[in-house]
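First subunit A sits with subunit B, and in the next complex the same chain sits with subunit C.
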Partner chain A sequence: MFKGREEKKRPRPSHIRQQERFGFAMITPSMLFLFVMAAFPLIMLVVMSGFRIDLTYPAGNRWLGVGNYLQMVHDSRFLHALKVTAIYTVSTVFLQVVSGLALAMAFFRSFRGQGFLRVSVLLPMILAPVVVGLAFRTMIMTPEYGILDYISMVLGFGSKPWLVDPEWALFSVIIIHTWQWTPFAFLVFLASLNALPSDPLEAALMDVRNAWQRFWHVILPMIRPAVVIVVIFRTMIALRAFAAIFSATGGGPGTATEILNLYTYRESFNSLNLGYGAALGTTLLVITVVISMIFFRMRESRM
Partner chain B sequence: MGKMTRREFMKTTAKVGGLALAGSAAPGFLKIAGAQEKHGEYLKAKINWRQVEGEQIKVLVTPAHYFTKFRAVSPQFTELTGVKVDFEIIPPRENREKAVLDLGAKTGNYVTHTADPMFLPLYEANQWIDPLDDYINDPKLTDKSWFNVEDIIPLWRAADSVKGKLYGMPVEGEATIHIYRKDVYEKLGIKPPETLDEFKEAAKKANKFDGKLAGAALRGFRGAGQNVYIWPSLFLAFGGKWLDDKGKPQVNSEAGVKSLEYYCDLLQNYGPPGVENMNWPEIMEAFAGGNIVQYIDANSTASIIEDKNKSKVAGSIGYQRWPKGPSGRRVTSIWNWACPINAALSQKKKIATWLYLQWLASRPTQFSSAVYKETPEAVVRTGVNRVSIWSDPEYRKIIGYTPNYADVVLTSMKEDTDADWRPRVPEWPKIGEAMAVAIQSALVKQTTPKKALDEANENIAKFMVK
Partner chain C sequence: MAYKKMPLWLRGLRSGLVFSLYVLMILVWAFPVIWVIFTSLKTRTEIFTLPPTIFFKPTIEHYIEALLAQDILRGIINSLLVACGTTLFTLLIAVPAGYAFSRVRFPFRGRLSFFALLAQMAPPIGLIIPCFLILSRLRMLDTYAGLIAVHMTLTVPFSIWLMITYFQDLPPSLEEAATVDGVSPFNTFLKVVLPNVWGGVGVTAIFAFIESWNEFLYAVVLTGSTTKTAPVAIFGFLAAEESRWGPFTATGVMIMAPVIMVALVAQRQIVKGMTMGATKG
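After this line comes the complex of A and B, so read on.
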């Protein structure tokens, strides 16, 4: 494919080699750090997933091979967690892209007070997810006393079981995640809108009357790369979301908001079934990597 | 200053301590008095308190008020023994995880921690902790007649024992009791319920009688220490048994299903909004705010709801033992904070830890810390570990919220439960988790009580297969 780029091999001058050696010496500490902090735990995770490591019955610990993975197929709680993860990821990413785009379009043209509004839009992203989850649970979505519930009652919709009804709870944690992370999409979209060449936009302004058509046929295709980047980033983050759900619902009520990450945590640290927990963690890792690779391929092929 | 009696000593300690700020707990006048007077009660023990002088130990505790008091009086232990005690304060759930990680990795970071007794069989199965009997029976380490381990509430010791050996030292505990608004009961002509059926009737009658008051509350939050801290009492009161004679789980028995139906029916119809996510602090707050007629939970909540600065309903509260279930039994919880000794320690550190546990669980420390005021608004401890303190008129006066309060708690602890209130097996963490999910799923109608328990029973059976 890239025949033209191939270069003939020729000996490199010694000062270049010296520089290379120096370069390696410089990156060695950080590579070592990365290995100890990232690669080693990852390898351990995969190794552990092949064992039965159950602290509640240490005498029975042994090598299982793929036994833990086979067990997953019959584990209804795992399958449920997979479903919840899929719903959670798809809907939060979709909502973030749509509302991020809408906000970016609104802020695209300058108006008075834009600076202030832009900062306030960014605020949620600055908060720690665990704080966000707690705030929603204790101040915003609390029955009767929460702000959101109060507004809902004032508007005549009545008190809603935000975090206590299985279906409402899933809806609520999706809203919480979207609320917190839409600013990220907004920022990226706004930056790429501002970087667009003005000629096609002006031409579109002359030729296309309908604003919706202008957006759909001119602007959106031009910022497509930004949309793909946001989708990739946000999908990876949503797949491994944890803190906000953990503090808002703890995966409950029942298992209604138990995404795979939470189930992995519970299995490992509540049930102390470390081997099976490691297998769940590995599965989540594989899913995340595969999805990200698919997205990156799509991005490469069409750009 | 003349020689003081024990009682005077403790009274003064408490009073002076109350004036002093937390942290600077050793009162000034005591420093002037000789060591003999200051630690008089402790020096009666025929052991060498200073045998591992200079050691330093780190203890993992939760932020509960009773541990705040223990922390505040611990400098006195350092004065007595020369052993320095550091504390790490972490909420219960994270506390448990940290402790398991520390024990599992054998890092020996925490010499002891405030353990959930239900975890002791797990610790024992992994040989992470030492049997305390070895320390108690060593005359160099323990003066048995002074320490008098038999005085510590027998059920707690039973709950903290595995295979007949004591593994955790009970330092604080509680029982669940029925707590209700006397004024509301009187207004509506309700008699304190004798049975669970009457309890539900009372909840029904009182529910929303003024438009907002909730009829009753029980813990709804998911967790082995939350909803699985209340439901087992219902389960057993309905005549249930966790395991049959062959060790097979029985949570989906008729008693199991009936008790879970009762729980769901009560909370779904007469519970406060959001009860599905309520743990004891939320229930206590709602009751103190005057939004709930009654609840069944830990007796320790009394020290808050009877505090006029913290509670609207102080003074109009009644207490009684759990109502009887269909089996004719009243069943309360069994709970105490048990301190084990980490097996991964050096011999010297183990001795230092034991000296600390002995000091902490001893009668003088239990008494003085119970009434100690680390801040002016501090509440008293309602979970001392010694029968002799519970029957001490002075202590009964301090916790005399109502004339019968102390007896309600003491009788509950003596008669209304047993060590196997929940199955004490190493697999408990998994069983607790499975039950927590089942109970909450049924409560929020994600599934029916029967289906939830069938699934839980099947899962538990799988865990228990060796």
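After this line comes the complex of A and C, so read on.
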């Protein structure tokens, strides 16, 4: 009787319980940290979005319910920021994937002098985005004295309003982001091309004569998982973009390059309107979550 | 191999094209960086000379001017403190977690590791609004501890995931002998497992350091005159004096220098760490 109760008390052998205790002990510091510094603030962000929190006039702070969101629907600057974010995200991801894939295909199986090229393409990715943005704003895209504008003039295209004209500015910040991050797509695609098993690849390539068909019908299906991953990674990063645009154009001219991140920043920390800023931030959170859920589904169903 | 069947002249043409592309790529990606370095070493008149000069007598006057500007020297020191602190505390909590998630069995393991992945997706601007309010209530704005804690929300999730992949590569039998001998799990981790992943810990440290060293949004919101980091200082400097490209590029080079040196030494490992998550996924 006594023995039986003892056995019920510990259904698992002691070394397994020790393992479990050890496992929990090892993850507790980081999980506690992420809960306090990431999960809790995000809950607080959603709660804050229901309030009017204006640091310039604290006496007027009060519960608004969905008031901030109602204001958002009629806020043309928000709708504009949403549009700019969509254009920026879709075009940078598209350009990175297409040019990264094209370059990886060109170097596939004839890659010499890897080290030097690897360092060159690694550089943009590890540089501070604020330095990149400022360098483009001054030495590269300044009319006449910027080296890119100078090259454009020498080649006969003439001086361009890179960051001054609203449409050119959006184009330029897309180019800056693409410049900085195409190497990532290139390196991932090159790694997955080199990891393909060579025998089935050779056999399949033998059957198809046309180079374009080879790429489209043989190679692309084989590296589709890598393409999906790059699209996911880069979309998530493009949605977080801030420092490079902030330092290159500051969202301008006017609001031409003001993505949602920049508008949220200005509303929260320039106008000190934290409640409305929190509502904008919550919207961004929802967009991120929805897009990542779609991506997870896509990956599961296709792979 | 289809390539071998090509006639010689076609192979030659192909190699020539690939080589020109190779040169073009190096130009496109390395040139802007080299141009920043060149500009930082030119005199003020030479910076604004057209056509731009490639051969010139280098000068370090802009470096001296930049370092004498209080904000910038202080910013570099602050950045160093914050980045080292972030790296140290990140490793302290992320390496054990990576080990437990990859090699110890316990309930809810999958769900908790997924939580760590989710934390990485949080939009930074959404996180900084409540963190700003919390830290201001705690009177921790413009403190190293505050900025390090917020930087760690960026570094801890990816460090856990990077460490998981390094621990997974170890042979499953590694801990068995120690367990049979009655060594405690923690000592096994410390003395048997950890010495096998120092390389992985090093790569994780590099990524954490670079992330914190380059970070701008959190730093610009949370820091003031005492803890302003280098990226915030250089932004303030250029915003105030738009045309002073010399000191600006000199500061830019000083911000880039540690990262470039790390890239030269550990390029292979960095590229592997960057692409690993994507190719293994």
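A few comments on the model shown:
By definition in this document, the second predicted complex is superposed on the first by the 289 of 303 C-alpha atoms of A that agree within 3 Å, B and C clash if a C-alpha of one lies under 4 Å from a C-alpha of the other, contacts with A are read in each partner's own complex, and residues count from 1 in each chain.
By our rule, a contact is a pair of C-beta atoms (placed from the backbone, for glycine too) under 8 Å apart; a residue touches a chain by one contact, two chains touch by 3 or more.
Treat the numbers as computed from the prediction; the structure is a model and nothing was measured.
When the two complexes are overlaid on their common chain A, residue A:269 makes contact with subunit B and with subunit C alike. Of the two partner chains, subunit C is the only one that A:103 touches; subunit B does not reach it. Set against each other, subunit B and subunit C differ in how many residues of subunit A they touch, and the higher count belongs to C.
Using the contact criterion defined above for the overlaid structures, shared-chain residue A:116 touches subunit C, although it does not reach subunit B. Of the two partner chains placed around the shared chain by superposition, subunit B is the only one that A:56 touches, whereas subunit C remains out of contact. In the superposition on chain A, no contact is made by A:204 with either subunit B or subunit C. In the superposed model, A:230 lies in contact with subunit C only, and not with subunit B.
When the two structures are aligned on the shared chain, A:130 is found in touch with subunit C, with no touch to subunit B.
Of the two partner chains placed by the overlay, only subunit C lies in contact with A:22; subunit B stays clear of it. Legend: residue contacts after superposition of the two complexes on their common chain; A:144 is shown touching both subunit B and subunit C. Comparing the two complexes, residues 144, 269 of subunit A contact subunit B in one case and subunit C in the other. Per the touch definition, subunit A reaches subunit B in the complex via residues 55-60, 76, 137, 142-144, 159, 163-166, 249-256, 266, 269-273.
Of all the residues in subunit C, the ones that touch subunit A in their complex are 1-3, 14-15, 17-19, 21-22, 25-26, 28-30, 32-33, 35-36, 39, 47-48, 50-52, 92-94, 96-97, 99-101, 104-107, 109, 112, 115-116, 119, 121-127, 129-134, 149-150, 152-153, 156-157, 160, 179, 185-186, 189, 210, 213-214, 216-217, 221, 231, 234-235, 238, 242, 245, 248-249, 252, 255-256, 259-260, 262-264, 267-268, 270-271, 274-275, 277-279, 281. Touching subunit A in their complex are the following residues of subunit B: 97, 100, 104, 122, 125-126, 221-224, 273-274, 276-277, 426-430, 432-433, 437, 440-441, 443-447, 455, 463, 466. For subunit A in complex with subunit C, the residues that touch the partner chain are 15-16, 18-20, 22-27, 29-31, 33-34, 37-39, 41-42, 44-45, 48, 53, 103, 106-107, 109-110, 112-113, 115-131, 134-136, 138-140, 144-145, 147, 150, 154, 179, 183-184, 187-188, 191-192, 195, 202, 205-206, 225-226, 229-230, 233, 236, 239-240, 242-243, 246-247, 261, 264-265, 268-269, 274, 277-278, 281-282, 284-285, 288-289, 292.
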